[in-house]
Structure formats: structure tokens, C-alpha cells
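In the part that follows, the structures are each spelled out as C-alpha cells.
Each of the next two complexes has chain A plus one more chain, namely chain B in the first and chain C in the second.
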Partner chain A sequence: MKTRSQVLLWTAQRVSAAVLAVCVLVHLATVIYAVRNGLSAAEILGRTRGNAGWAAFYTVFVLAAAVHAPIGLRGVLAETLDWRGTGLEVTALVIGLALALLGLRAVYAVFI
Partner chain B sequence: MSTLSVRVWRGQASGHFEVFDVPRLESQTVLDVVTHIQRALDPTLAYRFACRVGMCGSCAMTVNGRARWTCRTHVARVAAENRIEIAPLANLPVVRDLVTDMTPFFDKWAKARGRFRGAATRRDEFARVPPESRGRRVADAAIECIGCGVCYGSCDVVAWNPDYLGPAALNRAWTLLNDVRDTDNRARLAAVAGDAGCHACHTQMSCTERCPKQLAPTASIAGLKRAAALAALRGEL
Partner chain C sequence: MKSDFRARNHPAYWAFIVHRASGVLLSLFLPLHFWALGEALQGEAGLDAFLRWTEQPLVKAGETVLVLLLAAHLAGGVRLLMLEFLAWRNWQKSLLAAAAGVTVAAGLVFLLMLIAGPAGAQTYPAKPVRVIVPFPPGGAADIVARAITQKMSETWGIQVIVDNRAGAGGLIGAELGARAAPDGYTLLFASSSPMTVNPHLTARPPYHPLRDFAPIILIGFAPNVLAVHPSLPAKSVKELIALAKARPGELNYASNGVGTLSHLAAELFKQQAGVNMVHVPYKGGAPAVTDTVAGHTSVYIAAFPTVAGQMRAGRLRALAVTSTRRIAAAPELPTVAEAALPGFEAMQWWGAYGPVGLPAELVAKLNADLGKVLGAAEVKQRLAADAAEAGGGSPGDLAAYLKADYERWGKVVRASGMRPD
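Right after this comes the complex of A and B.
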């Protein structure tokens, strides 16, 4: 992989981390709110279904995670298993796509 | 008078620890201990030192698991229960006993383009660089490195990633990046960026914690990361 691409991956890692920091805090707040107020699953879905704003928020959350996790895993796998090359890059990409797919599927189920 | 029980690495990459009993003296340094062993107990012990007063960095070894200058490490500081373990500096090939081959360390220094390249000749005027200028202050904060290898021997990423240039080489590249006279910085930034360069650093800061000259290679590496990201986004990398 070219140096410029590696640097852009690192930059994407940092930017997605900043996005995730905000998203995680908001998500934690909503979870605590739901638990504290004893909301049932049906009640939660009653509030989330058809809610465009929250759908947008969680879409951003999912995409940030789908960017952040594979780049990080790529580094961890390279350092732990001494793994480098196309195989590693493809694995990281596949994990990113899988996270995006599963996450967006969940967003669809909860918010659409 | 009490006695120190000193475990010393003997051999190469494979070898063993040998135990020596060394008389404990006041204000004794770990280098004093190693010297005593070689002079009085076992002349075949190989070790390296030069100035023995904390200026040259040649005596760097692993003492009780941490890289230190042995001439600047008082036995009183490290010999809990009168025991010390002395091994060669980590992350480098072992020549014999406590002597390491510093070649990879300096090869990476060269790979990071840690060498000044200027455009002026003897016929030109001296460059005028105000010491208080931003670039010079940044460079001066990191310039005192004497290449002792303690940071390199302390770095986990160096241990995990054989291509990683390491804190010292990257720190030196950062000083040159901030040198207004240097003309090689575009190539230098490309040399220090990426998976084998500054971006492999995880900010664990063992280098900064252990540098005997109180330098902060982590800060230099953070500077390189910023510079590389900007250059990549601008299409200059």
C-alpha cells in the first residue's frame, strides 16, 4: 500500500474516532435514559420507528464504526500475527463492509 | 559490608543469566558493578562504555527489565533486596553478553533521512535563524539526542514491527523538518510516514519516560503525524 494511502487511513481513523466519541456519549445517554425510565422494547420501538433524525444519527454512528474498526484491526493483526500484504488488506475491507451491512440493517430495523 | 547478587546475560540471542556476587559499595553505579565483574571475577564478560559520566550514552543496558544508562543508575535505586539483573539493550541483535549491534538503529536513522541537506555553499551568507522562532524552538526541544538507543530499546512497537523506524530516528527527522535551512523535507516526510513510520506509534510513551536526556520523541512523532496528514490531504505526499 502506498504511503499516501496509509496516511489517509490513519487520518480516517482519527476523524472517525472523533465522530465515535460524540456518538458513543449520546448513545450511552439514550441507553441510560431508556433503562432509568423502564422503557420496554415495544415502547422504545414506538419512539424510534419513523424517526428520521435518530435514523440519521445512528447511520452516521454505524458508518463511523465501519471505518474505525477495520483500520484499527488491520494494525492490531499486523503487529500481533506479523501479517502484512493483500490478504490483510482484503480481510480488513471485508470486516468493514460486514460491519456497515449489519449496522445499517439494524438501523433499518429500529428506525425505519 | 553487604553483597549484591547480580544476574548478567551471557551469550548471544540464546544464552543464559550467570550470577555473580559483587561487594556493595556506597554511591555505586550499575556500571561500577559490571566493571567489577569483568576486572575481578570474569574477564570474558563483554560490555560497552566510554565516558562513564552520563554524556555519551554508550553504556545503555537493560537493568531489571528497563533500559537505562548504567553509569547514571545508582545501585541504591535499583537493587531491591540486593539483587540486580543486567541484560543487553532490547530490540537489537546481541553481539555478545551485554554488547549489542547498533547497526539496525542507525540504518533506520538513515532510512528516516535523519541527515541535514542544505542548499547553501561556503560562498553564501550564514543562514540567520532566530533561536526564538517557532521552528527553531521546536527543533531545539528535540535536538539533544545522542543516539544512545534507550528509547529504541524501550519501545513495544519496535519489538512488534521490525520495519518500524523507531523513536530516535523519527525524533531526528522532526528536528530537520523544523529546520528552515533544510531542503529535503518533502522526501523526508514521505520517508517517515506510513505503517513503518510515525503512524505505527501508539503513543505508549515508553521512549519519553525513559529518555536519559528528557526528550519527548512521542511529541516529535505527533508532530510528524500532523505534518504527514496535512501533506497527504493537500496532495503533497
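Right after this comes the complex of A and C.
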């Protein structure tokens, strides 16, 4: 892989990490609020459905995870299995796309 | 820009290894998590099932592992980022970066403890427990609740406080019970009215009896009594029906509130007897019985404990019980079915509930402890004095009973033509 592409992946990995750090904290705080207040299923969905702000937040969360995880896995696979070439890039891409699709499907179920 | 964290002699080598290992495990978990959410969240019922699933001990353990993995990953990541971007290489700065990582991890673990918040069954109860009774003091629900909470206080050595929250046929108190924190320190002792009858009569009930509660145990049940003011010239059910037919719309009847079993039983009586009486709803059994004794209302169908004292004192005339067979506490009273209306039945019953999300181990402990209290001879005697029988069984038994009764009264309400308001 070209140096430029590697730099791009390195940057994407660090930027998505910073986004994820914030998203994880906000997500955990939200879960704690729901659990501590004993919100019912109907109440949770009542607050999430149709809420564009939360939908946008979780979309960013999912996309950041879909960028961060495959780049990290790619590095681990390359170093531990000494795997290089197109096969590795395609695998990382498929993992990223699968994560994005599954994540966006979950966002759709909760917020739309 | 290339890091040398892989070198064993690098100060961040182990942070790097932990970060990578936790990252791989999290990558395996994430698609599973997204898939499960997408599958489960196909509506309220799906989310309910998902929330109940997350209460399983194994799933809770999995959540703990997940948060610990996140903490480890985040801690390692913070440290690596600081070392990379700030080019911290000497050991003091490396130590500072490690401290930053550990602080982030500790913060996450603290959040985990908050999530795990509700007290475990081993230490429960550690402070007074509030029992919401959605009717005023003096009514049947209150009498039964006080008999049981007194014994619970003795058993636990912790105060169990009855909190009467009356109004809207029990909807107000029951809603408080549904919205309480699922920590076992707020429970609901409700009669069947706000759980199986009233929700059918409310356009937008503030809770769903089958979805918003964690059933604990069936507390007990009792027949209702058809009673009249002694001045009324009716000494039997047949005479009451004849009187009501002779004076259509002139007799009135008290109830514990709109949508209570007391109300619906009277409506069922009106339907089956073909009579017309005017409904006067009260905020519970105590004010209803007081006004019937005072003669402001003529007829009253209520749980036996509510009217037993006034019946014995002669201030109310009981005509019949609404159970399918006569009761030991008042064997002289016929059933409404044998006296005039074959097939008539309207039993009062009470259940103990927590809010949905009450941990399964707390439900199990409460079921076991309340089961022992209900089995105690003095509690049985106390309930029998008011013609009530102690219940029992598993949380599943109560859930099944609740569902069946909810559907039964739903049919009665629909057949009566009453519309939700």
C-alpha cells in the first residue's frame, strides 16, 4: 500500500478513535439514565423515535465504529498473520461495510 | 510517524498489546450487538423482550466484560495517542500518559458500577421499602397490604412503609409503581382494578399492565359483597332487582372509582339484571363505604374487607357475595348467582409488582420472602377475618393470572359499550 494511503488510514483511525471516545461516554451516560430511571420499553422508544438529533448522533457513532474497527483489525491481521495485498484490503472493507449496514439498521429500528 | 510500540522495551508495549487484544474482541462483539439490536427493536414488544433478556445473569456478566474491554481499549488508546502526538518518550511523561489512560478506564468502570446500580439480592433490603397502594387508607387493598407489610417488616427487620396514592381508579398509584426505579425499594400492591379493568376504560392508560410491571406474587383474593343501605326496602337480591326495575334511574350505587372492579361488577349486575342505577364514583373503598353508610348512596358492591366492619355493626345490609360459592366468613349470605343471576361472578384479587426491569434475582427473592409471609398462620388468619384468602405461586403464575383477567374484563368492557375516556 502506498505511503499516502497508509497515512490516510492512520489519520482516519485516530480521528474515528477520538469521535468514538466521546460517543461511548455519551452512550453509557444515556444507558445509565434509562436504567436508573427505570424507563419502560414504550418510554424509551417514545423518546428515541422521530428524534433527529439522537438519530444523527448514533449514525455518527456507527460510522466511526465502522471506520475504526476494520482499520484496527487490518493492522492486527497484517502483523500477526503477515497478511498483505488485495485480500486483506477487501476483508477490511467487507468488515467495515457489514458493521456500517448492521449498525445503521439498528439505528433505523430505534429512531425511525 | 511509525510507532515502535511493538518493541518489548518500549514503555507502552503492554498498553499496546492490551489495546490490540481488547480491540479485536470488541470488533467481534460489535456486529453481534448491532445485529441483536436490529432484530429486537422491531416494536415495543421486541424491545420489551430485549430488555428482559438483558436482565439474565449471563447477559449482565457479558455487559460487564464488554465495559471492561471498552475501558481497557480506551485507556490503552488514550495512552498511545498521547505518546504519539505529544512525542512523549521519557519515563516521566510515559507515566503521565499511563495515568491518563488509567483515569479514563477508572471513569468507565465507575459508570459500569452505576449501570449495575440496583442492589443485589444478597444485600436487599438495606433500607426502608415503600409499598404503593393505589387506594386510600381503610379500603380492602389497604387492609390486605398492611397485614402483609407488617409481617414483611418483622421478617426483614427493615421498615416496609405503605404509601397510599389514591385517585383515578388506582391509575395514579399504579403509574407511580410502573415508573419507580427498578431497585426493589418501591413496590406496588394493586387490586385487580387498576391492572385488569381500568386500563380498558382509559383512552391513553399511563402504563400497560402486561408490559410495564414485573409480577412478583399473587397476594390473595376475596369475593365482593353486594350491600345496600339498611333503609332500602330490599332484603334480597331479587327484591333489589324488583325495586330497581320499579324505580328506574332513581337508585344510585357507589363504587371505588371509575373503572374499578367495584364499578365494573355493578355494571355487570345492571346488565345481567336489566336494571338502571346511577353510578356515583368515589376515590376508593373508604369514602364509598362512608357515604353508603350515611345513606348518600343506596347500593355498593365492594371487596368483603371493605364492608365487613359496617355489615357486622348493622350499618350496611349485605345481600349476597359475588363469588361462585358461599364464603366461610359469612355463610348465611347467598351468592348473587344462586340468589338471582346464574353465572354471575366478580372476584377481587391483589398482586405484588415491581416496575419492569426489576432484576430477576430481586423478583425471585421478593417472591420467596412474600410467599413465606403469605404462608404465615397469623397473616392467613388476618386475611380470613375479612374473607380473603392468601395467594402465592411463582411470578409466572401471577403473570398468567393477570393476563387472563385483563383479557376477561376487556371483553366485559367492550360488551358493555363503555367507551374509554
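Here is the rule we use: the second predicted complex is superposed on the first by the 112 of 112 C-alpha atoms of A that agree within 3 Å, B and C clash if a C-alpha of one lies under 4 Å from a C-alpha of the other, contacts with A are read in each partner's own complex, and residues count from 1 in each chain.
To be clear about the criterion, a contact is a pair of C-beta atoms (placed from the backbone, for glycine too) under 8 Å apart; a residue touches a chain by one contact, two chains touch by 3 or more.
Note that this is a predicted model, so its numbers are computed, not measured.
In the superposed pair of complexes, A:W10 makes contact with chain B and with chain C alike. When the shared chain is aligned, chain C comes close enough to touch A:I44, but chain B does not. By the document's definition of touching, of the two partners only chain B reaches A:A78; chain C does not. By the touch criterion defined above, A:G96 reaches neither chain B nor chain C.
When chain A is checked against chain B and against chain C, the one touching more of its residues turns out to be C.
Touching of chain A by both chain B and chain C, each in its own complex, is seen for residues 7, 10, 14, 79. Here chain C touches chain A in the complex through residues 1, 6, 20, 23-24, 26-27, 30-31, 34-35, 37-38, 40-42, 44, 47-48, 50-51, 67, 70, 74, 77-78, 81, 84, 104, 108, 111, 114-115, 117, 178-182, 207-208, 211-212, 355-357, going by the rule given at the top.
Chain A contributes residues 7, 10, 14, 17-18, 21, 24-25, 28-29, 31-32, 35-38, 40-42, 44-45, 62, 65, 69-70, 72-73, 76, 79, 95, 98-99, 102-103, 105-106, 108-110 to its touches with chain C in the complex. Partner chain A is touched in their complex by these residues of chain B: 157, 160-161, 190, 193-195, 197, 199-200, 225, 228-229, 231-233, 237. Partner chain B is touched in their complex by these residues of chain A: 1, 3-4, 6-8, 10-11, 14, 75, 78-80.
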